[in-house]
Structure formats: C-alpha cells, structure tokens
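The next part holds the structures, each set out as structure tokens.
Presented sequentially are two complexes of chain A, the first with chain B as partner and the second with chain C.
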Partner chain A sequence: MTLAHEMEEAARVAHELRVKRDQRARMGRLLKHLFLISVSIVMLYPLLWLLASSLKPENDIFGSLTLWPTEFQWHNYVDGWHGLPVSFTTFYINSTIVTVLSVIGNLISCSFAAYAFARLQFTGRTFLFGLMMMTLMIPYHVVLIPQYVQFLRLGWVDTYLPLVVPRFLASDAFFIFLMVQFFRQLPRELDEAAMIDGCSPFKIYWAIILPLSLPALGTAAIFSLIWTWEDFLAPLIYLNDIKSYTVPLALRLFLDQEGQSSYGQMFAMSVLSLVPVVIAFIMFQKLIVRGIATSGMK
Partner chain B sequence: MAGLTLRNVGKRYGALSIIQGLNLDIHDGEFLVLVGPSGCGKSTLLRMIAGLEDISEGTVAIGNKIVNDLPASKRELSMVFQSYALYPHMSVAKNLAFGLQNFKMPKAEVDRRVAEAARILQIEKLMDRKPRQLSGGQKQRVAIGRAIVREPKLFLFDEPLSNLDAELRVQMRAELASLYTRLGTTMIYVTHDQVEAMTMASRIVVLRGGKIEQVGTPQELYEKPQNLFVAGFIGSPKINMLKAKVSDNQAVVDGLPAFALPTLGTTDQELTLCVRPGSVRIGSGKVTAEGTVKLVEYLGNETLMHVTLSSGQVLLVSDNGKVGYRTGDPVTIGFDPFDLHYFNAAGQRIEPIENEGIIQ
Partner chain C sequence: MSRGSTSPLKASFMRRFIARNAPAYAFLTPWLLGFFLLALGPILASLYLSFTRYDMVNAPKWVGLANYEYMFTRDRRFWKALNVTFTYVALAVPARLIMALGVAMLLDKGLRTIGLYRAIFYLPSLLGASIAIAILWRQLFAADGVVNAVLGYFGIQGAAWITNPDTSLYTLVVLAMWQFGSPMLIFLAGLRGIPKDLYEAAEIDGTPKWRQFTRITLPLLAPVIFFNLVLQTIEAFKTFSSAFIISNGTGAPADSLLFYTVYLFNEAFKFFRMGYASALAWVLLIIIAIFTAISFLTSKYWVHYENERD
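For the complex of A and B:
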C-alpha cells in the first residue's frame, strides 16, 4: 500500500470513530433531557392541573382525569373576578398596598439593622445579634396570640397596620442575617476610603453599601414579596372586613359560599393571583444579575 | 502642607500592645517612609494618623493642632489604600469627585480639580469607565487621583504598590517620586519593601515590634545602621554578620585569622562585626580567609557568591561578575576592617574612636 492509501485509510477510520462518538454523545444528551423533562412534568403537574381546572366546566374538575378541558370555560375568569360581593379589583389593590409597603419596609429597615450589625461598633452588638438570630428559631405560631393581644390593645385590628408596621421595624431576622452576611464581605477599605472622603456612617450606608448590595437587596425583595403576597394566616387573623381582604383571603370565600361551589372560578382567580409573583420574580431577577455585574471588587 | 508630631503614641488592643511610646517629628514637605517587617505596627501607625484607628495613648498633631479626637474627614489628609478601595459602582470621574462633593465644594471647582488630577495622572480617557474595567496600574492612578483632588495637607500611602507586577511597580515608583517633587506635600508612606523605602524616602523610619529602631536618611541607614536589626533589614543582598570574641584588642572570628580592632571604647567581650557583601573582595584584602563556593547567583551587573568558610558560616560576596567561579571551587575572600560595622553585645552600633588605628 502506498503512503497516500495509508493516510486515506487512517482518515476514514478517524472519521468513523468521530461519527460514532458524536452519535453516542447525542444519545446521552437525549436520555438526559428525557429524564429531566419527565421530572419537570411531575413537578409541574399540580400547576398544570390548576391551570386546566380553571378552564373546565364545574363537573369536569374532579370528574375527568384528562388535563385537557372538554370545553374551555373562559368565563370562569370574568365570573370569578366579580363572583364575590366585592370585586377582585379591590382585593388586588389591597394585596398590592400591603405587599409594596412590606417590601419597602423590609428593605429599608433590615438593611439599616444589618449595616449596624455588620459595620458599627456598639456595646452589646454580639449579644443583640445572637438575640436576633434566636428569633429565627421561634415559630410564628408561638408569638401569634401575644402579638394579637398587643395589636388589639393598640386598636390596630382590622387595619393593615399589624401587617405593615412590623416590616418597618426590622422584624424579619432572616433578611437581616442575609444582608449582614453580604455586607461583611464588602471590603472594609471602601468604608475607610469613604470616611476619609467625608462620609458619615449614614452616608457610607447610603452611597457605598446599598448600591453595592443590589444582589442581596434583590433577593430580600423577592422573598419578602412572595411571602407577603401569599400570606394567608396574618391577614386572616387581623382583617375582618371583606372590603379590606387580600387576594389569598378572598380565594377562600369561594369555598365558604353555600349552595353551589364555584371551584372553576376559584382556580381561575388562583391562576391570576400567581401572575404578579411571576412578574416580580422576572423583574427582580434582572436586578440580581445586574447587581452582580456592577460589583466587580477586584 | 503641614508637618506632623507624634508624642508618646501608643496603641493597645486589650492587653496586646501594638505600638509603645513612639515619638516622631515629620517635617513639613517631607517624604517619610515607614518600613519594617510585617506585624511591626507600621500600618497601624499610619491608620492612627489617618484617624481610622483610635489612639490609645499620646498625641498626634498635624501642623500644631492635636487631632486625636478629630474624625478622619476633618484631618485634611488623603490616603491611598493597598487595595485601592475605588468605589466599584462609580465611574472614575465620580470616584474622583465623590469626596469633594461630600465637602460641598462648588461644582466648577470640583470639575477643575478633577480635570487637573486627570491631566497630571494621564487618565483623561478613562473617566467614564468603572473600576472593574481598569488594569491594576490604571486603578492605582485613579486611587492616587482621588487622593490629590482633595489637595490635602498630608498624603498617606499604605503599601500602594504591593499589588502591582514588578515592572509596573518600578514605573509607578518613579511616578510617585515625581508627583512628590511636583506637589511638595508631606507624604507618609508605608512599605515592607526596602527598595521602595530607599529610592523614594527623604527619611526612613525603621519599625520593629511597635518601636522605632532608627530614623534617618536612606544613606544614614545604609552607612551607619544604629543596631543589628537595621543593619540586617536595610540593604540587599543582606549584610554579613560575624560573631567575634575580643581579646587584647584582637578580634577572633571562627574561620578567619585574628585581626586587630580599632579603638572601640567598649569592654564587651563579644561583638558582632558586619560587612556588606559589596565590601568583601575576591582574592585580596587586609583580612583574608579561605572558603568554598557554595552557590553562585549571576545577576548580570554583579554576581552574588555564597562562600562557606572553614567554620561553616556562609558569607555573601558581591562581585562584578568577571571571575567565573563555580560551585565547589576553593576561593580566597578578603575585606578591610575599615569597612566593618561594629555592634556591641546588646546589638547597638559602636563607632571606632579613631579609624587610623585599624591599619596594622
């Protein structure tokens, strides 16, 4: 065999091997994706069921096994919106007020407290920090009754104050902890440079620490938003007047009604109640990414 | 511009004493370098002057004003940090202007100063960039720019060049020196790099364990180190130290022939004799000894030889590099007792009373 032949042969073998390897890799990828897709279907099933049920006729919801509705009941959404004595417009406005105020309150007060714990020197700092961390371990249900009594005495029951005011007092130890951890990893030399540049401790917090902590603030904002929006227990306890109900409280009313149960409408409104959370998540997620991008320390 | 006076300055963290009873006068317009091994308290001292650390005892005065209780921003000084500490979320222009804006300076004046600093440091083209888009050298310039826009009475530098690569460090060193010549402002510079100290300083303060070992010009420190620590710390390659026993005004050193000492005015029986590698010759000298070459380091303009004496002690010899010695070669080294530095048993320098006495 000539050299040219040998080389040709070698190239052919190499090509075959490469094709086989590519095929194997493609097969592996396919299996991996099949597995991942099937797992995510399991995870998504309840959500899909909710979505499907919101469009089904009343007797199909628990009667039929298929997800696909026999006929699409779009009017569930319109009927649901006005299906209660008070329209959902009011509930959404209520929820928005409570949520927006809570998020703002949490961000301001928790970052303020976290700055103190992370950067300022004061007597009892370690002790107070430990005390704060301990509150993380107290279940909400333990303080429920004393808290209710306290707000009752203040005359705040049946207002939004018990839902909102504590947020402005850095009551959420988890967010403080999250931010303390984040602030601590910001170089202290930045504070010192700012100190020499004439910054007061408040100015350092405002002009240096906060802008560099967008990722932590974004995370806190998302969690605070989701938890407040979805919260059922606290509004249930403190809000009595249907006109001041938040969305999760209102959803329950569909079940309370006597005579005909309106599951379709309830599921339709449940689907709508998820929309703001999803939008907010997408919005703040961008903020998180941008926050990380702007904080190139080195 | 202003001088600086430190009186009995001390720093303690609980029971741990970092700096003790330190006295120092820094003259107006001086480039003073604080140098010492790590943990000697030089950075702490700088931070105390800056107002970033409390002063446990004593007083610090800038000009004639005691500043112990004055916050950092009111001390009319600016500081360049080792990590540069540029504000990552602000553009270069904003970084420079930030301090001035905090002091409520009119916008026209802020703009003028920022433009001036940018021109001096040649960073005009970088003004819109964020710190993460800058190279190490550029960040360094911006950090210096942020210091000079303030037009302070006092500049503080905390190991500003230690994050740069070797070539850039040499370049920035020269630029800092010319900046100093141009501004004439008092500068206090902390480093552990003795080359930086020697090349830039008007005066050097050598610190160890929170105490001043010696203050002097680079030349004074090199030529008349006051104690063994300074002798060993200043100068590269490192000075040779020989333990000597004295009897009948003769110095007896292991591995060397006995030789006559000058009149030293000390009764100590044990002295340490130091000689710089550059003062040791190959082949000749008033005092000579045989040894073996242990290691040869060729540096181009000089060759550094590690020579083992018969006592086992290794002497560093700096030679002009023309003699091609190799590891294991026997070699004769020599020196002139005139070039020796003498230190008593306590490690303090002793000056010979009359230098003529040395010549045998």
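For the complex of A and C:
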C-alpha cells in the first residue's frame, strides 16, 4: 500500500519535473527565436533599404527609415540601365564573358592539378603540394605589379586576357585545395580496378573521378562565379575603355558623377548587380555551406 | 627515341622514371606554368623592382635599399597606412569572430531548424565584397543617412561618420562585423564536433552555463578559433575594395582610410612609382608571412579538424 503510494508519488514528481523542464526549454527556445529574429532583421535591413531606395522618389531616400516607397519609381531601373554613356547591356555582357570563361578555366585547370595531387604517385609530390599551399597565402598585391608589366608588354591591357588566362593556369590555388580534399575521400579501389582494366590516367580522371566529384566541382564553380562577378581590383587595373567595363567598374562610375545622376538609379543598378549572386546563393546554398565548412576558407 | 651513349640499364630506368611521372606532370602542366609565370616569377620580379626606381616609361634604375630606407625613416604615409591597417585588423577581426561564435552557439543547441537563420546570416558575407555594398555603406553612414536617422529616433545627434576622420574607420569595422557568416559556419562545424554528453555530465553536476563555456566549449573549440583567427587576420590585411570605394580611392578623409592596399595601389597605378610600390608589396608579404608562419607552426593543433564530419 505505502510502497505503491510512494511509487505513485515519485512518478507524479518526476512528471512534474519533466513538464517544468519542457516548459523551461520551450521558453528558452522562444527567447532564442526572438533574439535570432531581431538579429536577422538588423542583418537584412541594409539590403532591404537598398532595395527600397532603388524604388523611392529622390527626396524620400534619405533620413527616412520607412522601407515602403510612397510611390514606386520603377523607371529608376530603366533610367539607370541607360544612365551611363554606355548601357548596362554592354557591362552585363562583359561581366558574363569574363565570369563564364573564368569558371571554365578554374574547373579545368584546378581539377587537373587536384587529380594529380590527390590520386597519382609522382616524384616531388609532397614538395609541389607544399608550394601550392604556400601560394594560397600570397596576397594578390604582391604579384600585381610584375604581372601588370608583363601583360602590358604582351599588349593584353584593355582585353579580358589578364582576367581570364590566369584562371586556365590554376591561379586560384584555393580551388585546387578544395578539390584535393574531395578527391582524396573517393575509394582507391576504383582507380586500381580501372587501371587493371587498362584505363589511362586521363580516362580515370574523366570517367570516374569527375562524375563522382560533382559536389566539389559545383562548389568550386559557384565560388568562382561569385568571386569573379564581384571582382573589382583586377578589372580596375586592366580595363580602361568604358566599353570593356565589367558591372562593378560601371557602378563606380555612378559615384564619380555623384550629383549629376540620381541616387535612385545608382541604387537600382546596385540591386541588379547583386541579383546573380543572390540567385546563385538561393539555388546552391547547400553546396556553398558545405564548401566552407569542409575547406574552412573565405 | 635517341638513346645516345647511355647504357641500356640506365635507359630503361629513365624510361620507367618518365613513364611513372609523365601522366602526373601532364596534369600538373597548367598549374606549373601558372606557378612560374604568375606566382614565383612575379614575386622575384617584384623583389628586384623593390630595389629600383621604375616609372614604366624608363628602364628600372637600381637604387639599392633607398626605397626601404625612405619607407621606414621618412614616409609618414607608410606609417599612417600601417597604423590604419593594424587598427582595423585589431578591431575588425575580434569583433567579427565574437559575433560569429556567439551566433554559432545560439544556433548550435536547442533549435530544430536553423537553415533559414544560417542563410540570412551568411548572405552578407557573400555580398560584402561587392561594390554595390560599398556604395550602400557610404549612404548608410552619410550625415543624412539611415544610421543617423535611427540614432535621431533615440534622440542622439549622429556624426558625419564617413567624412569625419575620427569615425570613418569604424564604419568599415561595422561592415566587417556585418560579414561574420563564414567564420560562423566554421564555428558551427566545430561545435558539432564537441560530444554532447560532456554538457549533459556538466548539467547533472550543476555546473553553471558560463563555466561550461569556459571549461568545455572554449578549450575544445580552441583549434577552430585559432584557425579562424589566422584566416580572418590575413583576409583583413588584404581589405581593398570597400576601403577604396568608401574613401573615393584615395584613403580620405585625412588619410583615415588609407589602408595599406589602397596606399600601394595609388603609389603603383596613380603615381606610377612601381619600384616603391613593389617595396611596399614585399613588406606586406613579410607581414602576412609572419602570420602564416604562426599558423603553420601551430598547425598540429588544428589540422585534425579538416577530417571531421560536417
């Protein structure tokens, strides 16, 4: 009787404690969500302000915190597109050419080098791998001047060659590193079996390693796309003719003629310049997040 | 095909040596070309140029250590640039890492869905390098900008943040803080690697949360913190586009935004003092090499991280 009673009592207390703990956990979660939501708002506000300002009438832009425009000025986008001596159609074509070629160059040259480092035995491998890792740390500013002198002599200034050719020579060692990390995880037996069947190293690379490495190639492609699209320093140095400008260089022109052109137009074109990056991010979020978590870069 | 005078044995050894290495070096050819033409060659060339006076019109003229002597003893702007850059690194890197760790810890425990938050917090890091964001930042912190409107709402009279030399650098520190996304993702991966039963044991012992943080989280996360610290420091030293845009390409106002890279760019491509700019570049390389050396010397503490699950 008493034993049963005590057990019942114990069960009741345990249940009460559990309820209390669950309540506290729920409370904690709620507070956490509230906090994270407010941080999210602060994080997103500048971007939303940019978007809103691109649609506002000129005298509504500054000093007002309200995001909703009193009247939508969609024409900012049309006017901004033609707001510079050369239209943004040209700038977008230029940026697209440079970006597409850079992505292709990075994928080919970096996967070549990564395949050799990760899957092939050769004399000097450790040494060369060390050299490759060291180039990761070299700031672009250190090689900039001799590269510029070299490219000027070749007559490459004011062409896209200085922006694109280095990508075909695996100049972004970061992507080699990223791919090596991935290639190494693939089972060795695959190569060995293929070798016994008489496959050449190139066949193994092309028919086995690459198809199995689509996530790594995808990550490299997306980062390569975003970084090239946003790149400012190299185009700033190598492109002088406004007709060959990329989008970031064109945006800077708006700043130079501040006062003459409208803020709304500048903001509208700024918004458009971010669109490809945001789309890439939304579509390939998983690849991007995993790429950073495994390589630990940028 | 021509074997010349080498003995058959040696020739067969050579043939095997070549056969063994040829495929790998074929795959490495683009990278090797790039390494010599775009990295090693230019680095040595810029070392040579750093001992010359070179304006791109006349041939480089050897001046010995004159560039370095001028830099360290008489060039006020060099010291100003170092001062600005080090101040920025010292403020922006800890600020960004504290944000990243704080948010990562909030996201790590007790929430079932973090995907959306993670995306929102990471987005600025992806956009942050773009010129559009630098342009936006100029306007946010302008005298009549949004930041002052918010402060005005609380009855605080804001400054002209960008044009005031005392405050302009802080606008870039805030920009760096806003982009805490990538270290946050790396911290999240690191936090996932800490066994959960450690916290459960501490909970049963009644260990307060703060002690759990200093005794469990911090020590076990130390390799990741260090890794992030080194990486972000190197990144911060290389800051260019945002500083260039916000300071109108000159380091203005009153050189308060004269980042090292901005100074180097102007010396090279505005004034065409290529020899002097090369010397500046080499000093930057040495500064970054010192930080990299620290990371390599201590790599045994963080290397194991790379093979962990994510």
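Everything that follows uses one rule, which is that the second predicted complex is superposed on the first by the 243 of 298 C-alpha atoms of A that agree within 3 Å, B and C clash if a C-alpha of one lies under 4 Å from a C-alpha of the other, contacts with A are read in each partner's own complex, and residues count from 1 in each chain.
Quick note on the criterion: a contact is a pair of C-beta atoms (placed from the backbone, for glycine too) under 8 Å apart; a residue touches a chain by one contact, two chains touch by 3 or more.
For clarity, every value in this text was computed on a predicted model and none was experimentally measured.
Novice: Quick check for you: in the superposed arrangement, does A:W74 touch first (chain B), second (chain C), both or neither?
Specialist: Neither: A:W74 stays clear of chain B and chain C.
Novice: Thinking of the overlay built on chain A, is A:F112 touched by chain B (first), by chain C (second), by both, or by neither?
Specialist: Touch status of A:F112: second partner only.
Novice: With both complexes overlaid on chain A, does A:P211 touch chain B (first), chain C (second), both or neither?
Specialist: first
Novice: Considering only touches as defined above, state whether A:P201 meets chain B (first), chain C (second), both or neither.
Specialist: second
Novice: Looking at chain A, does chain C or chain B touch more of its residues?
Specialist: Of the two chains, more chain A residues are contacted by C.
Novice: In the overlaid three-chain picture, which partner chain does A:L144 touch, first (chain B) or second (chain C), both, or neither?
Specialist: So A:L144 only meets chain C here.
Novice: Determine, under the contact definition given at the top, whether A:P187 touches first (chain B), second (chain C), both, or neither.
Specialist: Only chain B is touched by A:P187; chain C is not.
Novice: Between chain B and chain C, whom does A:R252 touch in the aligned arrangement: first, second, both, or neither?
Specialist: second
Novice: Could you tell me which stretches of chain A are touched by chain B in one complex and by chain C in the other?
Specialist: 294, 296-298
Novice: Using the touch rule from the top, collect the residues of chain A that touch chain C in their complex.
Specialist: Interface residues on the chain A side: 25, 28-29, 32-33, 35-36, 39-40, 43-44, 46-47, 49-50, 53, 62-65, 108-110, 112-113, 115-116, 120-123, 125, 128, 131-132, 135, 137-150, 152, 166, 168-171, 176, 181, 200-202, 205, 226-227, 229-230, 232-233, 237, 248, 251-252, 254-255, 263, 266-267, 270-271, 273-274, 277-278, 281, 285, 288-290, 292-294, 296-298.
Novice: In their shared complex, at which residues does chain A touch chain B?
Specialist: It is residues 187, 189-190, 192-199, 203, 207-208, 211-212, 294-298 of chain A that touch chain B.
Novice: Within their complex, state which residues of chain B touch chain A.
Specialist: 50-52, 71-73, 77-79, 81-83, 85-89, 98-99, 102-103, 130-132, 146, 150
Novice: Taking the touch rule as given, give the residues of chain C at its contact with chain A in the complex, in rising order.
Specialist: Counting only chain C, the residues touching chain A are 17, 20-21, 23-25, 27-35, 37-39, 41-43, 45-46, 49, 56, 103, 106-107, 110-111, 117-124, 126-127, 129-133, 135-140, 142, 144-146, 148-150, 153, 178, 182, 185-186, 188-189, 227, 231, 234-235, 237-238, 240-241, 244-245, 248, 261, 264-265, 268-269, 274, 277-278, 281-282, 284-285, 288-289, 292, 305-306, 310.
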